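Sharing a structure with you now.
By written order: A, B, C, D and E. Residues from 1 in each chain.
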Amino acid sequence: MPLAALTILLPLASFAILAVFWPIRHTGRPAAWLSTLTAVASFVIALLVLRDVAPMGAPPELWTMPWLVHGGRVIAEVGFRVDAVSASMLVVVTCVAACVQVYSLGYMSHEPKPALGRYYAWHSLFIVAMAGLVLAPNLLQLVAGWELVGLCSYLLIGFYWAKPSAGKAAVKAVWVTRFADIGLMCGLVLLYVETGGFAWEGFSWANPGASELVAALLFLGVMGKSAQVPLHVWLPDAMEGPTPVSALLHAATMVAAGVFLVVRCWPLFEGAETLLVAMSWIGAITALVAAITASVQTDIKKVLAYSTCSQLGYMVAGLGSGEMLGGYFHLTTHAFFKALLFLGAGSVIHAVHSNEMGEMGGLRKKIPLTAALFAIGTFALAGFPGLSGFFSKDLLLEEVAHGGQWGPLAILLFVAGLTPFYMMRVYCLVFLGEPSEKSNHAHESPLVMLAPMALLAIPAAVLGFGAGSFGELLGHEYHFAVTPVGAAATVAGLLGLGLGYAKFGMGQLASLELPGLAAFVRSGPIDNAWRLCWERGLLPVARNVGWFDRYVVDGLVNFSGWITLEAGDRIRRLQTGSAHDYLYAAALGAVLIAVAGVVGGVLA
Amino acid sequence: MAILLVPLLVVALAVIVLVADLVPAGGTSRGLGALTAIGLFAAFVATWFVPSGVAYAAYSNDGFTEAVQRIVLAAGALSALASIDHADEHFPRRQGEYYLLLITSIFGMTLLAGARELVTLLVAFETMGIPQYVLAAMHKNRKTGIEGAVKLYLTGAISAGITMYGASFLVGTAGSTQLAVIAATPPDAMLAFGALLVLAGMGFKLGVVPFHMWVPDVYQSAPAPFVAFLSVAPKAAAVAALVRIAAHAGSSLPGLWAPVVIVLAVITLTVGNLFALPQTNVRRLLAWSGIGHAGFLLIAFAIGTAEAYAAALFYLATYVAGNTGAFFVSEAVGSKVGDEVSGWNGLARRSPGLALAMLLCLLSLGGIPFVAGFWGKLLLFRTTWNAGYHSLVVYGALLSVVGLFYYLKVARAMYVEPAVDPSPIPVGRPTMVAIVLAVAAVVGLGVAPGGFWDAAVQAGTGVELLERPQLAIPEAGSPAVLGDFPLRKEKGARPRQADPGVEGFPFK
Amino acid sequence: MNGLPWLSIIVFAPMIAALIMLVIPAQSRGTVRILAVLSTVVSFAGSVHVALSYNTAIGGVQLRETMPLLPSLGISWNLGVDGWGVSLLLLTSLIIFAGVFATWTLEDRDKDFYILLLVLVAGVFGVFVSLDLFLFFLFYEIAVLPMYLLIAIWGSSKGVKEGGPLAFIWKRFDIGGREYAAMKLTLMLLLGSAFILAGMFAMVESSGIGSFDMEELQRVGVPRDVQMWVFPALWLGFGTLAGVFPFHTWSPDGHASAPTAVSMLHAGVLMKLGAFGVMRVGMVLCPEATEVWAPVVGAVAVINIVYGALGAASQTDLKYIAAYSSVSHMGVVMLGAATLSVDGWNGAVYQMFAHGLMTGLIFALVGIVYGRAHNREIFQMGGFAKAMPGVAVFFTLAGLSSLGMPAFAGFIAEFLVFLGAWSSGHVVWAVAGIVGAWITAVYVLRAARAIFWGEGPPERYSHLSDAKGVEWVALVLLGGSLILFGSWPRFLLDYIDVGTAQHLLSIGGGQ
Amino acid sequence: MIDWLLFAVLSFFALGGAARVVTSENLVHVVLYLAVTLIATAGVYAQMDAGFLAAIQILLYTGGVITLMLFAVLLARRNGGSVPAEGHTSPLRSLLVAGLVAGLSGYTILRGGAPNRAPEALSTAELGRVLLDPLALPFEALSVLLLAAMIGAIVLARRKDA
Amino acid sequence: MTGPGLDAYLFLAAAMFAIGLFGVLSRRNLLAVIVSVELMANAANINLVAFSRFGVHPWGQALALFALALTVAEVVVGLALVILVSRTHGSLLAGSLRDLKE
C-alpha cells in the first residue's frame, strides 16, 4: 500500500471514531484536535508523496484491490494511483484542508461542543472523500469520491441546519450538482459499455465516436460540480455554510474537482475537438457572467463565491484550449489565494459579525494583519505581476490564444480586467474608508486563525515562480515570457485595479451601485429561470402524476371494486322476498334450460 | 343385506330415537341429541366396513357412495351435536321429532348416495327433502321461521313437480328406471327434455341459480345447527344423484347438459358472489356464498370425468368442514348478539377462540392456503384447467377474490372493530365440541390434504357405473335378482382404470 | 452443526414461536417479546450460518432438504438455497430482527401482532428457500395474507380528498382508511395470486413432469407457446406484489396505513417476493418467453421508476413519500431483471437487498417520527433534528442510500442495473433510471429538510424525543448494513453472482 | 272410436277441472275441482288398462288428499284465513311461462322418441312383482318417508308446544 | 285406427302440467298453490302410465305408484305448514310472507 494511502486512512480513522463514538464527538475541542491532527498529518504525508513522485509519463504507482466482481471478472477496483496529477492535487487538497481545520479551531470556537465535533467529523470525511477522488485509480472511484464530497458539501452547507436558508442552500446544492451528475453517470456507464472498464487510458475505443460522447457526458457533471453557467446557481447559495467550509469546499478544492476530473481524464478529453471548443465558450461565459454578478454583490462571501465561479470558468476555458497545464495550474494557485481570501473574509466576519460590506469599512486599522493577508489574496487573484495568479492566468491565456479561440480569449481578457475591479471594490469597502459602527468594535483574530492564513499566503504569493517545475512535473515545458496576450491581461488587470480604487477607494460615500444592469443582475435572472423550471416544470408534473395516480390509476382500481359492489347492490333488488317470485324464477329457469336445449339443438 | 348396512343403521337409529323419545328421561330430552350424534357417528364409522356391491339392483355401494355417505353422516353428526343446546333451549318439547326428522333426511341421503335406479333415487330424494320442510319450520313461534319453511316448501314442491315430470320422460324413453339403461339410451328430443328438467329440479337442492332464492331466507330463519346441515348435506346428496344419473361409459347425458351446466355454473358463481357482497347478516352472507360454492360444484359436475367427481367430493368435504364450522359459530354467537355483522364487532376480544374458529372457517371458504378450502378450490381448478376450460378457471379465481372481500368483512368485524360488550360469549359444551371438530377438519384437510385427496380419487373413480361393463338389468318378467352380488372381492384390489390421469399425480 | 436442517429451522423458528404465543396469556408482554426476539435471532443466526456454509466457489443449489409431502400431487418439502436465496435470507432475517425491535413499544394487542408478524415472516423465509413450485406458492400466500389483519387492526387512517373523474367512488370507500387500504392490498395481491396459480398449473401440466420440482421443470422446459402467455401471467401476478405499474396502487395506501414493522417488512421484504418471483419463477422457468417479453417488462419498469419518483415528489405525507419511493425503487429491480444480463440481474438482486434495508430503515424512522409527532405532513414539521438528532442522522443515511450515494448499498445496486440496461442496448432505460435517481434526490432531500431542518420544532411538538432503548437496535443494524454492503459489495455480490450465473446460464443469456 | 270419445270426455273433465282449480275464487271449490280432475285422471288410467292405479288414485289419493285439503281449508278459516282464493298475482307472466312449458312439451312430444308399441295390458300381478323385488328398497324407504311426513305434519300442526 | 295413441295422453299431461304450473305461479292463496302442485304431479303420473302402456313395461306404472305416495307425503306436510301459516300470520296470502328479504 503506498504512503499516499495514509492521507485517506488517517482522516478515515478520525471520521470513524468521531462518527461512531459519539461521546468523543461530543467533547468538542478534543474531537477537533483529533481531526486537525490527522489533517495536518495528511498534509505532511502528501508533501512526502509529492517529493518522491515521478513526473508525468512515468508509470504511476498503483495499488488496487478488486471491489466490484461479478460474472467471473473484476469490473471495478478500489485503491490508490499516485502520479504527478494526483500527488500535486493531493498536496493542494490536504494543505488547504489542514489550514482550514486549524483556522476553524479559532473560527468555530463558539459553537456548542457536539456541533463542533460534528463539524470536524464532516471535515475528516471530506478529506477522505476528496483524497479518494484524487487518488482514484479509475473513474468509478473518482465518481464515488465526487459524490461523497458532494455529500460533505451538503452536510457542511447545512451545518447551521436550524437556519432555513442554510437548509435550502444545502438541498439546492445537491439538486443542481446531482442534476448535472445525470450526465456524469451516463458518461460513466457509457464508458463501461464501450470499453468494459472505468479506466481513462490504456485501452482503445471499439467505437471511436463514443469517445467524444463520453467526454461530453462527463463534462456535464463537471459543469455542475465546477459551477459553470447555467448550473452555477448553487454555489453562491452554498455560502450559507461556515466560512471555512466555503474556503475549503466551495472555493479551493471541491468545486475544483470538476476541473480536476477533466485534467485527470485528459486522455478522454484531449481529442474531443468540438467539446473543447464548447468548453472554452462555456468557461468564458461563466467567467464573464460570474464576474459581472460579483461586481454588484453586497455580501462579501457572495462576491468571493461569484469570483470562484468566474475563476472556475477561467479554468474550464483554459482546458478548452486543448492544453491542460494552464487550467490545472490556475486551479492550484486559485486554491491557495481563494482559500486565503475566504479565510480572510472569515476573519473579517469574525470581527464584525456581519457579511454585509455596507456594515464594514475602515477595518485596515482595526485588523491590520487580516487586511494585509487579504491584500495578498486580492492582488494574487487580480493577477498582479509577480504573484501566483499572474503566472497562472498568463499561462492559461497563452494557451487559449495558442488554441486560436479568439472569442473566448477576448472575453477572458475582459474578465481579467473586471476581476481586479470587483476585488478592489471589496478591499476598499471593507478595509478602507471610514469605520462603520460595527467596525469600531472589531478585534483582530487569534493566532490560530491568522497562522493558517499566513501559511496560505506564501504559496498564494510565490507559487507562480514554481510554474516551471509544475509544468515539468506534468510533462510540459513552460518558461515565462512576455507575450502580447500576457501583456494585455496585465494591463487589463492593472486598469481594473486602478478603476476600482478610483471608484471605491477615494470617496468617503462611494456608492455600492454600479450603474446600468446592476439591479437586473442582482435579481438573479438565472436563479429565477431555474426556480421557474421547478415551480412550473417539475413540481406541476409531479403533482399531475400524483393526481393521475390517485384519481385515475387508483381510481380505476377502486372503480372496479365500486362497480362490483354496486352491481351487488343493484342486483339485490331481485331478491324481493315474495314467494311467488321465487317460484317464478325457478319455473322460468327450468323453462329457459329447456329452451336452451332446443336452441342449442340438444332436443333435435 | 350387508351392502345396505349404512342406510339400515340410520333407520335403526331413527327407530331408537323414536322409542327413546317415548321413554321419559328425567324431564329432559337432551340425551336424544347425543344419541343421534353418536349413532350417526357410528354409521359414519360403519361406512368403512360395508362390502361393495349392488343390492336389489337399486342401490350400489361403491367408493363413491361411501364417500358421499361419509360427508353426509359427518355433517349430520356434527349438526346433531351442535343442535343439543339449541334444541333444548328453543324447542325442548319437539326434540324427539327434530332428531327423528334429521335422521330421516340423512337416511334419504345415504340411500340417494347409492341409488342406481330412478324410483329409488326419487324416493330417496323426497325422503331427504320432505323432513327438511318440517325442520326448517322448527321455530314454530317465529313468523320468519314459518315463512322460510314455506318458501323452502313451495320451491321444493315445484321442483319436485318438474323433476317428476322430467323423470317421466326419462322412464318413457328408456323403458326402464335403471339409470344405466337411461344413460345408455341414445338421446333424442324427449330424453333430452326429460334430462334437462330433472337437472333443473335437482338444481333446487344444490341452490343453483335461478332455483336458489329460498336459500338466504331459510338459512336466516331456520335453526342454525340445522342450517349447517342443510347447507352442506343436500348439496352432497344432490351432486351424488346427478353423478349417478350422468355417470356411465359413453353416456350422452353429460355431453347433453355440459354446456347448460357450465352456463348455470357461471351464473350461479356470479350471482352468489355478487349478492353476498352487500350482505350485513352473517347467515345470509354464508347463504349467498354457499350459492357461489354450488357454482364451483357445478363446474366439476359439468366436466364429468372421474377426476372431476373426485375434485367435487373433495370440494364438498372441505366445504362441509368450513361451512358447518361457520354456522356453528354463528349459532353460538348469533344467539347472543344477533346475526348482523355489526353485532360481531370485537368478537376476537370477547371470545378469541370463537373468533379464531370463525376466521379459519371463513378463510377455508375463501380458499386460503393451509385451511381446507384452498385445496378444494385448487384441485377443482386444476381439474377444470385440465379439461380445457381455462377461462373458467380464471373467472372462478377472480370470483374467489371477490369472495374474500365479504369473508374479510366478517373477519374485520371480529378482529378490527372494538367490542361494545367485552364479556365473553358462553358456548355450550356440545356446540364447542362440534366447533372444535369442524375446525379440526378445516385445519386437518388444509395441512394434510394428501390422504383425503387419494381417497377422493378412489371414490371418484369408484362410481359403479363409470366405465364398467354393463350390468345385467332386470327386465320385466326376468328372473328376480336376489341379494347382493359383489362387484369386487376386496378393497384395494379394484382394477385400475384406463385413464392414468386419475391415479397418483393428476397433472398429465 | 452442519447436520441440522438449517433451512427448515429458519422457516419454522418464527412459526413455532407464533404457535407458542397462541397459548400464552396476552398479559405476559415480556414473554411475547422475548419469544419474538428469540425466534428471529434463531432465524438470523441460521441465515448467517447458511451464508457461511454456502460455498460460492461451487455455486448452484446447496443445503438441500428434501422430504415427500404430498406425493400424489407431486408436492414435496424441497428446500435449498442458491446465491440469491442466501442474500435474501440474510435480508429477511435482518429486517424482521430489526422490525421486532422497531415495534417494541406497541401496546395494543401486541401478542396478536407478533403472532401475525412471525407467521408472515415464516412465509417470506419459505419463499426464498423453496425449490418446489407449489411450496413456493404456499409460502407466498402465507406471507401475503396476515397483512390484512396487520394493517386493518394496527394501521392508521388518513382520508384522501375526494376528486377526480371518479369522485363518486368516495361515497362507498373510505379511501386512505386503514381498512380500505388493507382490503385493497389483500384483494389486489390475491388477484395476482390467481394469475400465479394459473401460470403454475399451466407450466407443470404442459411440461409433463410429475411434480412441482422447479429444477426438474427448468430442466425439462415448458413448451414455448405455453411460456408465451404464462410469463405475462406470472409477471402480472408476482408483479402486483412488486408494485409493477399500473398494479402498484395498493402500495401507497397500504404502506401509508400499515404499522411500522409491517411497513418495514412489507416494503422491505414482501415486495421483493414479487420481484423474486418474476425472476426466479417467471424468467428462469420461461426463458423463451422472457426474451420476447423483456422489452415490455423493462419499459414498464422504467415507467415505474420515473412515475414512482414523481409520485413521491408530489406527496407531502411522509409515509406516502416512502411508499411511492418503494414503487420507484422496485422499478429499478424490475429494470435490472428485464436486462437479462449479468450486470442487470446482479443489480436487481442487489437492489432488492439494498432497497430492503433502506426502506426498512426509512419505515422504522417514519414509525418513530409518526409515533411521537402524530403527524405525517412533512410541511407541518420542521426542526425535528433538535429533538431527535439520531433519527435525523439515520434518516439521512437511508435517504442517501435511496438516492444512490456511493458508499451506500443503493449505489451499487442502481449502478449495476444501469450498467446492465445500457450494455444490453437499452440506452433509454438506463438514462431514465438515472434521471429517476435524480428525482429521488429531489424528494428525499426536500423531505429531510422539511422534517428535520429549519427552525423549530413548532410549539406543539415540544414533547418530541429521540429514538430510545431497543429502537436503536433496529436503526443501527439497518443503517450499519447499508454502509457495510455499500462500501464492500463483495460481501454480498459474491453470493448473488453465483446465483445469477446459475440462472442466467439456464435462460441462455449472460452476454 | 269409442276410445277417442271416452278420452275426449275424460280429458274435458280433467282439464276443465284443472282450469277451474286455477281460476276458481272459492277455496272449497278449488279443492272440489281438484277432485274432479283427479277422478277424471283415474278414468284415463283405467282407459289405459291401469286399473290398479286407477283404484289407488280414487280410493287413497283422491279420498285422502281431498279430505285433508278440506280439513286444511276449514282449519285455516278458523285461524283467520279466508275461504276466498284471493285471485291471481301477475297472471300474465305466469301464463307466459306456462305457455312456454306447454309449447316445449308439445314440441318434444311431436319430435317423439319414446317406444310406442301396440298397447298391452299390464297385469297387476306383474306390477306387484316389480314392487316386491327390484323396487323393494324404495318401497321400504317410502314407508319411512310416510312415517316421517306424518310425524312432521303433526309436529307442525299441533298447538300445544308452540 | 284403434284409440288415442301415446301422443294424445302426453298432450293431455302436458296441458295439465301447464295449467298446474300456471296455478302455482299465479295463485295468491297458499292452499291454492299447493292444490296446483297436485295438478303438476298428476300430469307426471299420466305421462308415466301412458309410457308404461305404450312402452309395454311395468316401470312407468310402478313409478307412478311411488309418485302418488310421494305427493301425498308432500301434501301432508304442505297442508300442515299452511295451517301453521294461517295461525301465525292470520292469512293464507303468499304475499303476507315477506319478512325475509334483502
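Quick note on the criterion: a residue touches a chain if its C-beta (ideal position, glycine included) is under 8 Å from a C-beta of that chain, and two chains touch if they have at least 3 such contacts.
The structure displayed is predicted, hence computed values, not measured ones.
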item	value
Mutual neighbours - chains that touch chain B and chain C alike	A
Chain pair, A-D or D-E, that carries the greater number of C-beta contacts	D-E
Chain closest to the middle, measuring from C-alpha centroids that were averaged per chain	C
Chain located farthest away, centre of chain B as origin (C-alpha)	A
Remotest chain, chain D as reference, centres from CA atoms	A
Euclidean distance of C-alpha centroids - chain A vs chain C, Å	35
Between chain A and chain B, centroid-to-centroid distance (C-alpha), Å	77
Euclidean distance of C-alpha centroids - chain C vs chain E, Å	65
Chain centre separation in whole Å, for chain E relative to chain A (CA means)	96
Sequence positions of chain E contacting 2 or more other chains	13, 17, 20-21, 24-26, 33-34, 45, 50-51, 55, 57-59, 62, 66, 70, 73-74, 77, 80-81, 84, 94-95, 97-102
Touching two or more other chains - residue numbers and ranges from chain D	89-90, 93-94, 97, 101, 104-105, 107-109, 111-112, 114-115, 126, 130, 135, 138, 142, 145, 148-149, 152-156
Residues of chain A whose C-beta touches two or more other chains	561, 565, 572, 575, 577, 579-580, 583-584, 587-588, 594, 603-604
Complete list of chain pairs which touch one another	A-B, A-C, A-D, A-E, B-C, B-D, B-E, D-E
Residues of chain B that touch chain C when the two form their complex	348, 363, 368-370, 374, 378, 381-382, 385-386, 390, 393-394, 397-398, 400-401, 404-405, 408, 411-412, 415-416, 449-450, 453-454, 457, 504-508
List of chain B residues in touch with chain E within their complex	118-119, 122-123, 126, 130, 133-134, 137, 140-141, 143-144, 146-151, 153-154, 156-158, 160-162, 164-165, 167-169, 171-172, 175-177, 216-217, 220-221, 275, 284, 475-476
Complex contacts: residues of chain E adjacent to chain A	21, 24-26, 33, 94-95, 97-102
Touching residues on chain D, where the partner in the complex is chain B	104-105, 107-109, 111-115, 126, 129-130, 133-138, 141-142, 144-145, 147-149, 151-156, 160-162
In the complex with chain B, residue positions of chain A that touch it	561, 564-565, 567-569, 571-572, 575, 577, 579, 581-583, 585-590, 593-594, 596-597, 600, 602-604
